[in-house]
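Shared chain: chain A. Partners: chain B in the first complex, chain C in the second.
Take a look at the complex of A and B:
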């Protein structure tokens, strides 16, 4: 599991790559939170390179989004492939974390 | 202190194909999730399954093996999970047996529906995902083996995933 991040204007962009399973979350969770939460910036998370999502990954996304929300920031996901989308839809995650189809749409949702 | 994936043991104790089904014995280490998953993926490679179905099968395997190791086993114990994977017409059936703490996932309290980020339950999504992806989910507590040597499962879960 890998992660990189940068800024698009005033918005933090985080790109996750690999499997958000038990092992992947163990590797990336601390860095994911550290890249997003402390500065409280609105954040978009690119899931297009995430090949698998399980409950541990859902847990990580909810916990980080909540921590960011308490600092006044919003988090929007985008780019989910079919398998990841299936899990997101099944858990109704989009009820609390918006999911956009593209980066530009995600930027529009946090802006 | 070592992390959960730094256990030196291999995750896979044994793997064999018996009567058309894949049988795995997994060790009590989180490495078992990935080691076992690879065997399941390889075994099912020849089946005509869509990508979303393959993903669902991996989710079910991940959630149930992870749950047992993280919550059902004593740390560093020699406990194990026995998994059988059997393709059948229109479905793939998993049978999971373990000698951990007796736990019926069908009786687990479901998490509250997600309505706000502040009140959302963090965790507890695994069993609901398994339930949603399966067409049949049954649990039984196998009869005690009366002190006979060998694997003595305390949980048996059968999960059918439509293909």
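Take a look at the complex of A and C:
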């Protein structure tokens, strides 16, 4: 599991790569939270390179979204592939975290 | 585990380092059994080596009809663990490849003997003892969950068959069923996020509530109300960040109607007696504990005579195949429609049919499957 982040204007962009399962979360969770929560910026998370999303990955996304929300920021996911999309749909995750089809759409949702 | 409560086998360490005088910080070659009844058992292989076979005098005895009496020999050569097949009937495999000559078993490799998989680890004795203690705690949590699982129903309007095969880390799956009142019959399946004793104990807390057939402010016959009540009682912020998925239904034996709701859980599947379809039953509602504002809705299904309802956790279909392909729910559904086998329970048939695609070794997640068949 890998993670990189940068800024698109005033918006934080985080790209996750690999399997977001228990082992993957162990690797990125601290960095993921540290890159997003402290500055309270609106954030878009690119899931296009995530090949598998397990319950611990969902937990990480929800916990970070809620922590960011308490700082006044908003988190939007985008780019989910078919397998990850199935999990997002099954868990109704979009009831908690908005999902966009593309980066530009995600930027529109946080803007 | 199949339809009965068993006393959890204690994890054991067996050592063949007969002439070793080690300290806790010394490293040892260790083989951990990944599946089968002795799952979690560890064998330390010392300088004297060890023979593996089905019966004594083998040093490591694997009670498996596909293991030969004297199957293979483990030795240490210049610090490298080597395995030599002893002309066994079914062969010895290292990472899926049958060995034809003495072969090195790298650290992390899977040694396959008969139906048993053993993982090679290179660990300090302290680490092994700590793992052993951890496994004992997991074993206790597993026993607790198993003690709460319901007995099989072989008579009456609803018959049941289930299989609960926890992974070595214990995955937080649980399920239950039974009479609610009069003609009403309650059914549920849940899966707590994450693994370990914490997830298992979270599932136990929910099971104990549902076993009492009472939730504050909820009609237990109304699935939407039950899910809403649980969402109110188990916010993830108050429960170590854990949420859970739940499928909950109430079947009325008089009207033959099933009222159900699901929270972040994949569908249960209704298969008619002629196996002509697998109808997914699900309502699109959020995870229990993730958001206090979640609204829950229920739906209804008519149950034809002879139909079966399949409920399962995601560990049944989320795994990587031996070819490195991610399996998924759509891969599983056709197997639900396949004919029943007279010599095997449905849960055992599906375990066999599905797990043949998985990579050798233990389960990554609990395999929990419940089949209800309606008169």
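Please note the rule applied: the second predicted complex is superposed on the first by the 111 of 111 C-alpha atoms of A that agree within 3 Å, B and C clash if a C-alpha of one lies under 4 Å from a C-alpha of the other, contacts with A are read in each partner's own complex, and residues count from 1 in each chain.
In the analysis below, a contact is a pair of C-beta atoms (placed from the backbone, for glycine too) under 8 Å apart; a residue touches a chain by one contact, two chains touch by 3 or more.
Predicted model only: the values in this text are computed from it and were never measured.
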Original post:
Should the pairing of chain B and chain C on chain A count as a clash or a fit in the superposition?
Top reply: clash
Original post:
Looking at the overlay, what does A:62 touch: chain B (first), chain C (second), both, or neither?
Top reply: both
**OP:** Please indicate which partner A:83 is in contact with in the superposed arrangement: first for chain B, second for chain C, both, or neither.
**Re:** both
**OP:** Figure out whether A:22 sits in contact with chain B (first) or chain C (second), or with both, or with neither.
**Re:** both
Subject >> chain B versus chain C as contact partner of A:54, first or second or both or neither >> reply: both
Original post:
So, does A:3 touch the first partner chain B, the second partner chain C, both, or neither?
Top reply: neither
Original post:
Once the shared chain is lined up, is A:96 touching chain B (first), chain C (second), both, or neither of them?
Top reply: both
Original post:
By residue count, is chain A touched more by chain B or by chain C?
Top reply: B
**OP:** Clash-wise, after the superposition, say which stretch of chain C runs into chain B: 27-35, 63-71, 81-89 or 297-305.
**Re:** 27-35
**OP:** Find the residues of chain A that appear in the contact set with chain B and again in the contact set with chain C.
**Re:** 22, 52, 54-56, 58-59, 62-63, 66, 83, 86, 90-93, 95-96
Original post:
Given the complex with chain A, which residues does chain B contribute to the contact?
Top reply: 3-5, 30, 33-34, 51-52, 54-56, 58-59, 62-63, 66, 70, 113-118, 120, 122-126, 128-129, 132-133
Original post:
Where on chain A does chain C make contact in their complex?
Top reply: 22, 51-52, 54-56, 58-59, 62-63, 66, 83, 86, 89-93, 95-96
Original post:
Which part of chain C faces chain A closely enough to touch in the complex?
Top reply: 191, 193-195, 236-237, 241-243, 245, 264-266, 284-287, 290-291, 294, 314, 318, 326, 328-329
Original post:
Residues of chain A touching chain B in their complex?
Top reply: 21-23, 26, 52, 54-56, 58-59, 62-63, 65-66, 69, 82-83, 86-87, 90-93, 95-97
